[in-house]
Amino acid sequence: MTVVVKLGGHLISAERIQAARIKEYAEIFTRINRSGTGLVIVTGGGDGAREYRDAATELGGSQVFRDELGVMVTRINAHLLICALGKRAYPAVPTSTQQIREFASSGRIVVSGGLQPAQSTVAVSALAAESVGAEKLVLATDVEGVYSKDPKKHADARLLKEMTFKQLEKMILEQPQLPGEYELFDLLSVRILQRSKIPCSVVDGRVPSNVEKALAGKKVGTIIKP
Amino acid sequence: MTVVVKLGGHLISAERIQAARIKEYAEIFTRINRSGTGLVIVTGGGDGAREYRDAATELGGSQVFRDELGVMVTRINAHLLICALGKRAYPAVPTSTQQIREFASSGRIVVSGGLQPAQSTVAVSALAAESVGAEKLVLATDVEGVYSKDPKKHADARLLKEMTFKQLEKMILEQPQLPGEYELFDLLSVRILQRSKIPCSVVDGRVPSNVEKALAGKKVGTIIKP
Amino acid sequence: MTVVVKLGGHLISAERIQAARIKEYAEIFTRINRSGTGLVIVTGGGDGAREYRDAATELGGSQVFRDELGVMVTRINAHLLICALGKRAYPAVPTSTQQIREFASSGRIVVSGGLQPAQSTVAVSALAAESVGAEKLVLATDVEGVYSKDPKKHADARLLKEMTFKQLEKMILEQPQLPGEYELFDLLSVRILQRSKIPCSVVDGRVPSNVEKALAGKKVGTIIKP
Amino acid sequence: MTVVVKLGGHLISAERIQAARIKEYAEIFTRINRSGTGLVIVTGGGDGAREYRDAATELGGSQVFRDELGVMVTRINAHLLICALGKRAYPAVPTSTQQIREFASSGRIVVSGGLQPAQSTVAVSALAAESVGAEKLVLATDVEGVYSKDPKKHADARLLKEMTFKQLEKMILEQPQLPGEYELFDLLSVRILQRSKIPCSVVDGRVPSNVEKALAGKKVGTIIKP
Amino acid sequence: MTVVVKLGGHLISAERIQAARIKEYAEIFTRINRSGTGLVIVTGGGDGAREYRDAATELGGSQVFRDELGVMVTRINAHLLICALGKRAYPAVPTSTQQIREFASSGRIVVSGGLQPAQSTVAVSALAAESVGAEKLVLATDVEGVYSKDPKKHADARLLKEMTFKQLEKMILEQPQLPGEYELFDLLSVRILQRSKIPCSVVDGRVPSNVEKALAGKKVGTIIKP
Amino acid sequence: MTVVVKLGGHLISAERIQAARIKEYAEIFTRINRSGTGLVIVTGGGDGAREYRDAATELGGSQVFRDELGVMVTRINAHLLICALGKRAYPAVPTSTQQIREFASSGRIVVSGGLQPAQSTVAVSALAAESVGAEKLVLATDVEGVYSKDPKKHADARLLKEMTFKQLEKMILEQPQLPGEYELFDLLSVRILQRSKIPCSVVDGRVPSNVEKALAGKKVGTIIKP
């Protein structure tokens, strides 16, 4: 069995590099991998990426430039996680879906950053899941899951325990952004998961054990099903 | 001034390779480039790509595999157009947005195929336009432009001479597919053009001179504006 | 033990992609590999390659350009076979003899296309055999083997059950082309096999089980010995 | 004439990305390049690099890992400066001395980050200078130049207006670190400049015009001569 | 106009590196290039390559390994000639026919070594000529040209002033090796030149001015015509 | 356990390629690897490298050019040792510290040459040791170890059986070159080993069994400890 975990950028880089949390994740991933589960991790960019993107805009750079800088930061984050994983990790960061499969064929944990401009790292994790034939995708974010409405604005917003990709797609199309979380999901990501029927959990990754629970099939955060 | 032209796959490969049309396009692009206009061309896959994608599905391949094969075919098409352009073209097919800029910095015509899975060549042409700071994007397809409804189903469908990106986005979101043309545009492509304010013409590329007209600012096909 | 199999282009692409046959081959290769035999497969280009090569000529391209396009098509064919082989195959197409060894060192089935202009895929399969120290090369073609004369022109042409490389070389040198099959063998390929003393079987690959028989040492098609 | 400028990391990334200063430098480099002078810029890592290096140590990574992360950050800084320079810059970051020459042969401004572990970006700028045959190297740092003693500890420390590489080498060998600036220079860098007889200026880059002055031959900061 | 010159390996490396001769050639190539003629140079391996190839055999390496080592040596020779040519040369050694065109598109002198196993550097020079559309190929060797018979064995052997590719091909096929020169030409090389109708001169490169004469259309060595 | 062995260039290439010695080393490395010890070998350049470097200088090349040529020769030497090691070796020569780890993750013997200009292969071996977390580094040279003084000049020079990195560093700093051996060690190499606390043996590699002894912990040559 192979699973894909997306580590939201802010879990890695928020004001400063979250070394302690990365360490905790490295221990969890080692434990999961040791028990025979193949792992592809996709790291986001976080505040480090945001800072470079903002600087690019200030310097008159195009959106493509902004995104290229963002991808570069996600790859440093990936390299740092590889550092923490030691010999369990494949020692290089892939740059294409094909290379993700190539590195995964070694049996080691593959850690990828973003792949290219105009594509979120959530979409990369969905593509990675499709590419290696993963049975599950866990999105570790810095919110508790998907909400019915923006919880910051609506007192009656509630955490959705379970939903379908169809429902999620409708939500994205109806609103400029998902409640409570700008760009938690984009349309492309939902459609990739939907077409490949890969179940997905959105969990609060600030508590790393949530990822382990979601992979073990426990009810945590939001479960999205085909 | 630099412009981007997307050559729809079926203009290049429909049942068989359309060598005569490629030749005609090579002459037009040479003429445009000689007059001092920088050119990035993006080639689609056409029937050749469709055939490989279908075979992949028949062989149990994932969507990612299908797309990788599709990208490979678009790159052969690009190489063939480079062949037709001779020394006017940069002699290699780029594999990233950064490489598109790198090759374009030579002053020669750059011919790109697709860049990666889960991304249409229309989206690539929009990214290329953003990346090189193009002033215009021309989509050469095998229909006459964007219609108000699907002309195959509705007798009263009419060709839209002009529209905004907002209107186009609304059209895409309201309907599973654009009237008269499946996947002429995807959401990503529209949003890239919109955010970068790059005007776009959709023309009937079966008549190559339409591309030249559109680049010259003449009214042909559908003009989409920010 | 490692063996090399060359899949003639027309077995893969003849008018259209032969998905059913590719599937059959994937099953055979999986069976052989599962029993402990290392495999390097080299795929030809077939009609797809021919079509691009012809288009290049029509567009005034040099022979080198024609060949480059041909190599690109053989690599798509290789990628498609990798798709069919799933996790048994190394997930990338090699681009040099050194990379063939590198990928083969993973223990997985390696699928290569052509390597470069002015070199047939038969020559590539001979070089691959030499490079990985293969014990046997099987050429799966769309004829039954090597004939004494061109069977289309001579009623008394007969299939040669066995011959030496010396005899084959003489045949090639005496005649502009081999009886019954233009470019079944070129001089370079014969000389590579001869110098490395790698026995070779030429079999009718339209019946995929022939490849399995030849690898099992059964008499089928033409056996060429040092 | 070609010159090399090393931009100290803290000029680019100190607590946050210094977009305004990068902009100012982009204008200066554009002016210099427009007047016909070839430019190779080498960017340091600054606080961003330091943060990743520290995280690697916290995660048990080797010094090599620390350095690899540092190199990655310097390359993002280089990419950001390329963004600011627009079409004057070669649109890719080189990864070897040979590639620095390759990109420089385009006539555009080349922006490099670090090249590899265990090598300071000052050493990279010295190698770049040697490699492209530069006539001068300017090190833009965040101090005013080389001091006779550590100015933070010694009230009588004075800025050295001029010195020889021999003197600088002696200084480095006698003391664990250079006065006023840890790792302003390492032994390798001094020896590269010395053997190639490339004069070097150390200037306070917090005032970007100092770089322009040094390149124009004006007396600013410390001038080091063969 | 573009021309290709093949520098026989023994002109570069014979017992020791022939630095003085390389210098002389660099001056000639600079002169030719300065007058507006595009140049692609292909360097052979000479004694250095022979030594590595012999060692590989002694160590039980395959012919492919021998050839790979040979290619590596020809590339060092190419890099050394690039060193001698300074800024006139493109600063990298190409590794494919496509890259030869890519580097040639810069307008600088391109210096290539071999490209891959089982292919002589004469064949590479013929492919390079075809690939860039060269008008002439000059082979600088360490004999005076093509002889009617092996001059070492036959007193009546005479230097052929002119011949056709057909005659040369016949000569190669009739005899295991060309008179007076083992492997001056192989079958592949002749056929490439023949099909592309590129005239070829074989001259004594120990006198570098012969290359200049041949390029100027003067009668020197053996001229081979379509 | 993983160990790193540096094979001094003159053990491989001294006037001519030392095929017999390379064979002997291949047998030793095979034996060590078979017993479960991971191996990274770093090959020097020897007389072959010196010859190319001298030629570069004669041709007016920069020190960087000299070094690039030297790196290329060390890589051929590495490829030759890979040839001798057969399937025990990873079939490619790494070009960065990250790639050394990547290839080492295959479990095969990794053979590296130099990595880049201005860095000795001793420094590469120290970086490789740090990078893969090696427990020991053995430098096989053509002297018996480190001497107290230059044995060629001082009759009372004695072989040092054991010393610390501090002592070695002091020796290097005090004298322009190490006694008895120019460039046996450079400052960078000592400091890398020191910071990573990797014990190092300097042995006379002209007797290959010395390497085996040193790896087995026997007293041979000079042992340098943290």
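Each chain carries a letter (A, B, C, D, E and F) given by its place in the written order, and its residues are counted from 1.
Here is the rule we use: a residue touches a chain if its C-beta (ideal position, glycine included) is under 8 Å from a C-beta of that chain, and two chains touch if they have at least 3 such contacts.
It should be emphasised that the depicted structure is a prediction, and the values quoted were computed from it without experimental measurement.
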Of all the other chains, whose mean CA position lies farthest from chain B?
F
Chain at maximum distance from chain A, centres defined as averaged CA atoms:
E
Note: of the two pairs A-C and B-C, more contacts are counted for B-C
Calculate how many whole Å lie between the centre of chain A and the centre of chain F, each centre taken as the average of the chain's C-alpha atoms.
43
Dist(centroid_CA(chain A), centroid_CA(chain E)) in Å evaluates to 54
If you look at chain F, which of its residues touch at least two other chains?
65, 68, 98, 106
Graph class of chain-chain contacts, one of line, ring, star, complete, other
other
What chain-chain pairs meet the touch criterion?
A-B, A-C, A-D, A-F, B-C, B-D, B-E, C-E, C-F, D-E, D-F, E-F
Which residues of chain F touch chain E in the complex?
16-17, 19-20, 22-23, 26, 48, 51-52, 54-56, 58-61, 65, 68-69, 72-73, 75-76, 79-80, 83-84, 86
The chain B residues in contact with chain E across the complex are 87, 90-92, 106, 108
Any idea which chain D residues touch chain E in the complex?
98-99, 101-102, 105-106
Along chain B, where are the residues that touch chain A in the complex?
62-65, 68, 96-98, 115-119, 123, 127, 130-131, 133, 173, 187-188, 192, 195-196
